[in-house]
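These notes concern the structure reproduced below.
Naming follows writing order (A, B and C), and every chain is counted from residue 1.
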Amino acid sequence: MVITKEHISDVVKSYDLENITIATICSHSSLQIFDGARKEGFKTLGICLREPPKYYDAFPLGKPDEFLVLNKYSELLDHIEELKAKNTIIIPHGSFVAYMGPEIFVEMDLPTFGNRLVLEWESIRKKERQWLVGAGIHMPDVIEDPHNIDGPVMIKYDGAHGGKGFFIAKTYEDFMEHIDTTKTYTIQRFIVGTRYYLHYFYSPIKDTGYTLSKGSLEMLSMDRRVESNADEIFRLGSPKELLEAGIIPTYVVTGNAPLVARESLLPLIFELGARVVEESIKLFGGMIGSFCLETVFTDDLEIKVFEISARIVAGTNLYVSGSPYSDLVEENLSTGRRIAREIKNAVKLNKLDEITS
Amino acid sequence: MVITKEHISDVVKSYDLENITIATICSHSSLQIFDGARKEGFKTLGICLREPPKYYDAFPLGKPDEFLVLNKYSELLDHIEELKAKNTIIIPHGSFVAYMGPEIFVEMDLPTFGNRLVLEWESIRKKERQWLVGAGIHMPDVIEDPHNIDGPVMIKYDGAHGGKGFFIAKTYEDFMEHIDTTKTYTIQRFIVGTRYYLHYFYSPIKDTGYTLSKGSLEMLSMDRRVESNADEIFRLGSPKELLEAGIIPTYVVTGNAPLVARESLLPLIFELGARVVEESIKLFGGMIGSFCLETVFTDDLEIKVFEISARIVAGTNLYVSGSPYSDLVEENLSTGRRIAREIKNAVKLNKLDEITS
Amino acid sequence: MVITKEHISDVVKSYDLENITIATICSHSSLQIFDGARKEGFKTLGICLREPPKYYDAFPLGKPDEFLVLNKYSELLDHIEELKAKNTIIIPHGSFVAYMGPEIFVEMDLPTFGNRLVLEWESIRKKERQWLVGAGIHMPDVIEDPHNIDGPVMIKYDGAHGGKGFFIAKTYEDFMEHIDTTKTYTIQRFIVGTRYYLHYFYSPIKDTGYTLSKGSLEMLSMDRRVESNADEIFRLGSPKELLEAGIIPTYVVTGNAPLVARESLLPLIFELGARVVEESIKLFGGMIGSFCLETVFTDDLEIKVFEISARIVAGTNLYVSGSPYSDLVEENLSTGRRIAREIKNAVKLNKLDEITS
């Protein structure tokens, strides 16, 4: 059974809005989500496997009030009524769907923050490209036929998490030497520049600020991903020297580092975010809440977008107590807290059904 | 007409000091300047072209109270009386002069924060060198004749903004291959080490703290510039490999990343700042307010200064709510706020003419 | 005379616990230590050579209440009674022993925060290895005979500070070309990945949170060291190209940059910290307070530990007002403040002898 927005709207209407519980899976950005939810006055629940992760004990402000302990994530479906009784809203973070599995996620008969329809648009590279290019965003060219590789390209496997297996090739021969043909992949032209991961927040129910055709856009922070081993492998040798030594650079995300962009790029940064939101409204009724554009800033000060993540990304974990951008919105505002605030505002405006699905 | 300090002093004396307006051009570090000014109780005014930039709507704390909308920046000169009536003090940030043009900046009959005379000393490389070397600062050697290039050098075009066009050469042949002979340039020996951009604040009217012959020096924060594409191009190949492939590293600033220096280097860091200020007092009556030394820390723990910026730099945008250094001065102190505080203190001490020109 | 824990216990019992003074040498992380101590209500004393460092004047919140001015650090031994009269507890930071000399440190008849026995376990590489490997930690392999070098290795000189003289070799020939045979050294297999310096805090007297067999473990922050010139030398050439040009990469720490790790790595991060503490309890009665694991995160998301520092490290200076991790423990908690808090808690619990030696 695929859960419809209309159905979730009915579930939400049955909720006791004075006693909402914010729940997510215990990983990724959960400390921040629970911290933010508590600061906004919500109860919190952590979904975990086997036993509550002990590391929460070291972070009292990020520890959920209670845990739902499962043996495998699909068992969540057995606890729907219990969670409804707690008036639970699920926050799907960047690893939520990966852990839960898309089938379970789609079937989950519980209100989730955001628009579940975004899932297929972000997870299938062709639909993602249709969305972003349709929004007038500059993406790196895709090379359909590897014979046409005529300069540096990045090969990305579909559904790969954390950059696992990605590689750079400069020629067809490079490509053939490293490709895993058992997987589906995309060949993107490699854009030379500096990477910025831009953390936006789109509210369909806020009508002040940087307003769009409907609702309002915020930019809460940005980060650069720390990638192992690509970030430090130059200490050993150039890519070519490494290749000769049989050492392959890899792009697995191990963490995140903070940065800010030139203020003169903010108009463009907001324009990109706004276009992506407007197009999402046209395509599937709108992406809601946190999203991240994964970009490269070139030396012409152009911004190329190589991917979108339509939910809270782990780079926001740098900013548990505010960022150089969110500090100009309101003090002490993390993305986790912003999400909780959105739910709080929706309750006040009686619009909870507009931000859940 | 060149505006004299004496004239500005008279303007300032005519001001209603209870109703000062802080103004700057809407870019660079303006969010921080307006946020800081408001926190210190000032009115704020943003100078912009065509229409108020929409991105301010997303940052309520960084949005100015009002805008002065121009078609081109030189039109500012038509609004002098209006701005005087608002008791306006202009904060020239790091892009202010670039946008306004040095001729207009010099002619502007409005009090500006800082000493306008610093402009020629920082923008003409030979005068900058005279100033810094005169202060006993270690700068990278300049190579007058490109035939004498005998190791890595950085070629910098005069007046280039954000590192546009800069390149590294190792031989005369390298140099000749890439030089744009239609521009004037400087050849600096390339210093191997790690870059630190040190954000100081010099107050001529504060007589406590790290005192100098006159006034007092603070170190509020530091950053490393994020340069496109130099920062990430190693992922593609070594400089030599790239050159063979026709790819040239570039040094365009796209943003800034935070860092701190070893505490054992603080005595040297303060000594460098102090020397530069003392020499500026001798040369042109003193640089006032924010300045930045652009440095390389070598593996001998020496600090080489390759440039000075005599006003607020964009790297301070990282620290809207304080930095690991300013937090030891006072909580929640950005450079933008420190500037506003300086104006407030000057008003109290009846010394506004000492910090404006 | 070697000072015993029992002796220090007697000294502590003679103290006026309402009037404790926190003291350290004026360098490394002293600003943060003094700031934290003052915030917890302690008096502070800075130990310095020749004259009080002037840079403290620029940081009023990090300036100690008074200074003990010496001509050389060994003179500290002449001031023991005076310091005892002030109820002084010494905080040995990461450079304390280097400045003071291990002989003086061991003889110092004053309570120091932490367990002095840790010194030999962290400073002698073989004992450090015994400790960490005994704890089940994955360390890079050590290659005893340089003839066996069969891939990238890092050569580290014993007792070298800040990475001075470290180098990477890939073959026996590389090794022979650069080795300084007048020094003792260790050859470690070079681990490709991204460096993380993990800042833990172990309290033997706290019985809540992430509890161990005794006491409780916290993770307060993490950083990446900024190393000159290794971090930026790729701008000039690949290691091989540089070597041919006679330029040797170096690994001298000039500062620190902030980052966070993937939340999904936190269970492993805590497990590593916990194992190291438990093993230290078995080996020498336990390491107390701040410690840092110097690690590499590989692209398999394994964490290799290449060194331990058993006291406050300079990377914590990034987080004078809190970190993305400590903000989830309590707002505004630096490592310096956490140390002062530990002393305060020990006083309340009448357990000061358990955290000093």
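We adopt the following convention: a residue touches a chain if its C-beta (ideal position, glycine included) is under 8 Å from a C-beta of that chain, and two chains touch if they have at least 3 such contacts.
In this text, all values refer to a predicted model and were calculated from it rather than measured experimentally.
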Task = Would you kindly state whether over half or under half of the residue numbers at the chain A/chain C interface are used by both copies, giving same or different?
result = different
Ask   = Given that chain B is a copy of chain C, what angle of rotation, in degrees and a multiple of 5, matches their CA positions?
value = 120
Message = Taking the mean of the CA coordinates per chain, how far is chain A from chain C in Å?
response = 35
Ask   = At which residue positions does chain C touch at least two other chains?
value = 234, 238, 241, 257-258
Note = Within the complex, chain B is touched by chain A residues 152, 168, 170, 190, 192-196, 208-211, 217-219, 224, 230, 234, 238-241, 249, 257-267, 269-270, 297-301, 322, 324-325, 327-331
Ask   = Which chain C residues qualify as touching chain B in the complex?
value = 27-31, 35, 53-55, 57-62, 95, 162, 164, 226-229, 231-238, 241, 245, 247, 250, 252-258, 314, 317-321
